[in-house]
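If you scroll down you'll find the structure; I have some questions about it.
Letters are used for the chains, namely A, B, C and D, taken in the order the chains are written, and counting of residues starts over at 1 for each.
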């Protein structure tokens, strides 16, 4: 793993919905969108425009690429979370969706065979199975841990079982697998597999906890974060978070293009409280008592 | 179809009237992946301040009906880094740069303008006076004719004569013509309007303002009727001799060539595309081409003939 | 689910906080075909003036992204006809009426208030000061603290003490807290905000302003973030002691119970549904029921506990 | 014809699209919308909400009821004129459309058998064939004149031929029927049929011209107008036009609920110029030099 991979060069295309199937509590959408697939790597995402023209919803919605299919198709897993995702989950084959992608920096891959554990929370598991394939092609051992609040919010248990050395499932309510959090089972999985790298995707709180466990086990955590994004391509500055650079300096970096994958131990996890962020005092350009903050 | 799209902004001729809006295109690099930024009339860069700034904490945005709120807090690298990297890059790809500057006091504005005065590759300077005046209880410069005028005249004094100064106005005022007149009297060569409207969204899960900065700027198609009205009022005041004629650069909710034409007919000599670039990164170029088509469909052969045309139509009405 | 929806507006208890917005429900008769208007907190009637008025010529409206412009020009039957027919009808169906009045000068406001002073069935008087002051170059009363205050104190003087006076504010001002404070100091028992924002749309076929009246009022969900911000600012100023506490009646872009809750958490003691009634005539009642559901889902048993709650959450935040 | 019929009492229902077929340049939509049909008469219209939730288009779009079908269905003819109608014309069976109707005052019917001529411009003919049926049931003679800019903008030529004593067609460009305007052929039709009442629906300029011809022939014109409407139910006051009342006094009346059908000779046609209206000086409450106009 030699530094973060370069950011993708995205294109904008009119995608066409080829299929829209339910999978557990989610929808599995397949889009024909030429030009996205080349250059796409696990961890990249696509940013979709939502709503019928003229839509009242201006901002793009981001989705991890689940898998690429033949003929320039892109697959995503969508949770019906609000009006934009609701619109997406109700698209029918033939409908047009504007797609920008691939965006962001993908998961960095180990230079040589390494034991890897992949941790997905809810739909956060969407990009992990493709990642698992790629890792296994490189001779890596892959263990997978999937967690969710309840069984219906798990995604890809079958795929995990098919692709991984071991697949462990947790649900908060115990409706499937071990009752509890992914971090309850993670130490054992890391020990068992002799894990060197943990890849994780899911809610921020989970990523933080996974990072802690990985670090405690001497493993590197690579986490794909999810900050509110307006543009998805690096021009709006809404998606920033405090991350420590190679030089040890904390900067407010754009998670869309400088992420979404960051080394977990570089993220300043202490900067969120009740959903509101904080700019660490030692971040570059942090406000001082004499400099105000403009609009 | 061959509409002459050239426009003149205070003595500078642009190949076409389309610009990005400050803060909605960073410094052009990301959009250059989608189209050649040198093909636009100009790239307006994110307002830059003296030093590096981290900006506000997150959440910094909220989607609103046909618009959004933002509260970025002028995150940026500071003027030196900006000149060394961003401006140099824009120059390297042949783009025309309108550099937006922001300050907490008049001195900061002057320092920024001084740094830019001799830089090659600056097409114009846009003075973002919609930021809080540290010395005046944080009251936004653009909300007070005296503060606005103080900034504009100080910046004008240090910029070389050939370099146009655009004053960017806020719509959050009782009388925008008064502010416009103050800026022009202070030496503004053109006016950019409008900046965002002050707004707020409450997060219903956390039951507190959604933005970490509490209030934010409302932008997008939702505010277009306010932009058209402001441009109309100021252009009408110029026609009425209340203030001298200066080019107006329109901004506010432009999504299509038709929207751009609305601003132009109301009096804008150039048009910025802001928030809509988040929806469609190709929007600035698309709007340029759509605008050409709309002009052609109405028999205009020159863009400049359409500027303020609605005022003439109305004056000629029976 | 049993949320106590009652609210208190300056001493008057309403069964629930939902109202129509002035000019968006006529005098209730048409909406009564869709729901029983007596089930709402109150019907706010279209602003009435002294004499019959034809209003402005057409076109009087333009659709805008998530909003609309209107320029009706206060068409109406005049106060006598209004009292005889509209108010009497509202009384006959048991509805609570908030009567909105508008005038071209202070005398007209006083005459209207005097006529209403002894009429039975008036729950409150809403003073629409967002209309042009004939004596002051047509400047809108609500844009000038002195004019606003002159109208409010004159009207307050002729209304019986038990009858609440709501001053309806315009957002088109540099400092809404200043206007709010002036109105409260002049005797306003409550504040309704916001009225529409001044906007314009250009008709691209005729290449002139689409409205016959050129500019119009922008309303609808597009402006909701401005309404929330205005309510927040004024409520915050009350909490800070800058002006005394008075109930705020929120208006601006309410489409759903969630939208209503936003205004309430920001500080509104009642909520008006305006433009959205054009989209959905059942909206005022639907929003009432949705609001009850949203309150319940958040553990509120009394509506009044939610009023301004976001200020408390913020104050308690670490 | 004893005065204008009473306005309908509208209801609001979630309609379901049953069918959407092309007819010439238009789309023929069939909506299942219970409660609309009872009380609906020829000349009534429906006001539809447009756009997917949350729609950026707030205002309702109005459409004459073309015909009622069995089982509470309502048929309308829609021209793709702008974003709202575009959304409607692209609805598919099963899609939901919010419907308010029936709205307005319908065409007043003669008390005894009378010879009637029905004139439709473009999609304005939509409500006329149902009207023709009803008139014929009452023993009236029915002649129909249809006009449009070009053949593709005509609607219902076949229906006209099926239902009317005579069906005359005009197009501005001569692509079907007589080249010219409906008023070029109308005098002859009125004379031939001994017409007592002319019913017309179409663009304002046509309605004015038809009124003139009818009046010159001693016939009464009943015209269904089309003003920009925001609500369609009488609460917004955007759709007003100057109409002379029974008492000879001109008032700005709401065309949605006091119309859309007016006696042609009662409409103050002189009040429009270049698409902008004027309030006649003698209208009730017209501005005087001393009263301004509020916002």
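Please note the rule applied: a contact is a pair of C-beta atoms (placed from the backbone, for glycine too) under 8 Å apart; a residue touches a chain by one contact, two chains touch by 3 or more.
Everything numeric in this text was worked out from a predicted model, so none of it was measured.
Listed by label, the chains that touch chain A and also chain C are B, D. When you average the Cα atoms of each chain and compare centres, the chain farthest from chain C turns out to be A. If each chain is reduced to the centroid of its CA atoms, chain A and chain B end up 35 Å from each other. The geometric centre of chain B is 33 Å away from that of chain C, both derived from CA atoms.
Chain B and chain D have centres, each the mean of its CA atoms, that are 46 Å apart. Residue positions 65-67, 198, 206, 215, 220-221, 255, 317 of chain B each touch two or more of the other chains.
Along chain D, residues 54, 56-57, 274, 276 each make contact with two or more other chains.
Taken together, the touching pairs cover every possible pairing of the chains. If you check the complex, the residues on chain B that touch chain A are 23-26, 30-31, 33-34, 46-47, 49, 51-61, 63, 65-68, 70-76, 78, 102, 104, 130-132, 134, 138, 140, 196, 198, 203, 205-206, 212-213, 215-217, 220-221, 255, 275-282. Chain D makes touch with chain C in their complex at residues 9-12, 49, 54, 56-60, 98, 100, 227-228, 230-231, 233-241, 251-252, 257, 271, 274-279, 283-287, 291-295.
Listing the residues of chain D that touch chain A in their complex gives 51-57, 83, 87.
Within the complex, the chain B residues that touch chain D are 65-66, 221, 317-318. Within the complex, the chain B residues that touch chain C are 62, 64-67, 69, 143-144, 172-174, 197-202, 204, 206-209, 214-215, 218, 220-226, 228-229, 232, 253, 255, 258, 261-262, 265-266, 294, 298, 309-310, 313-314, 317.
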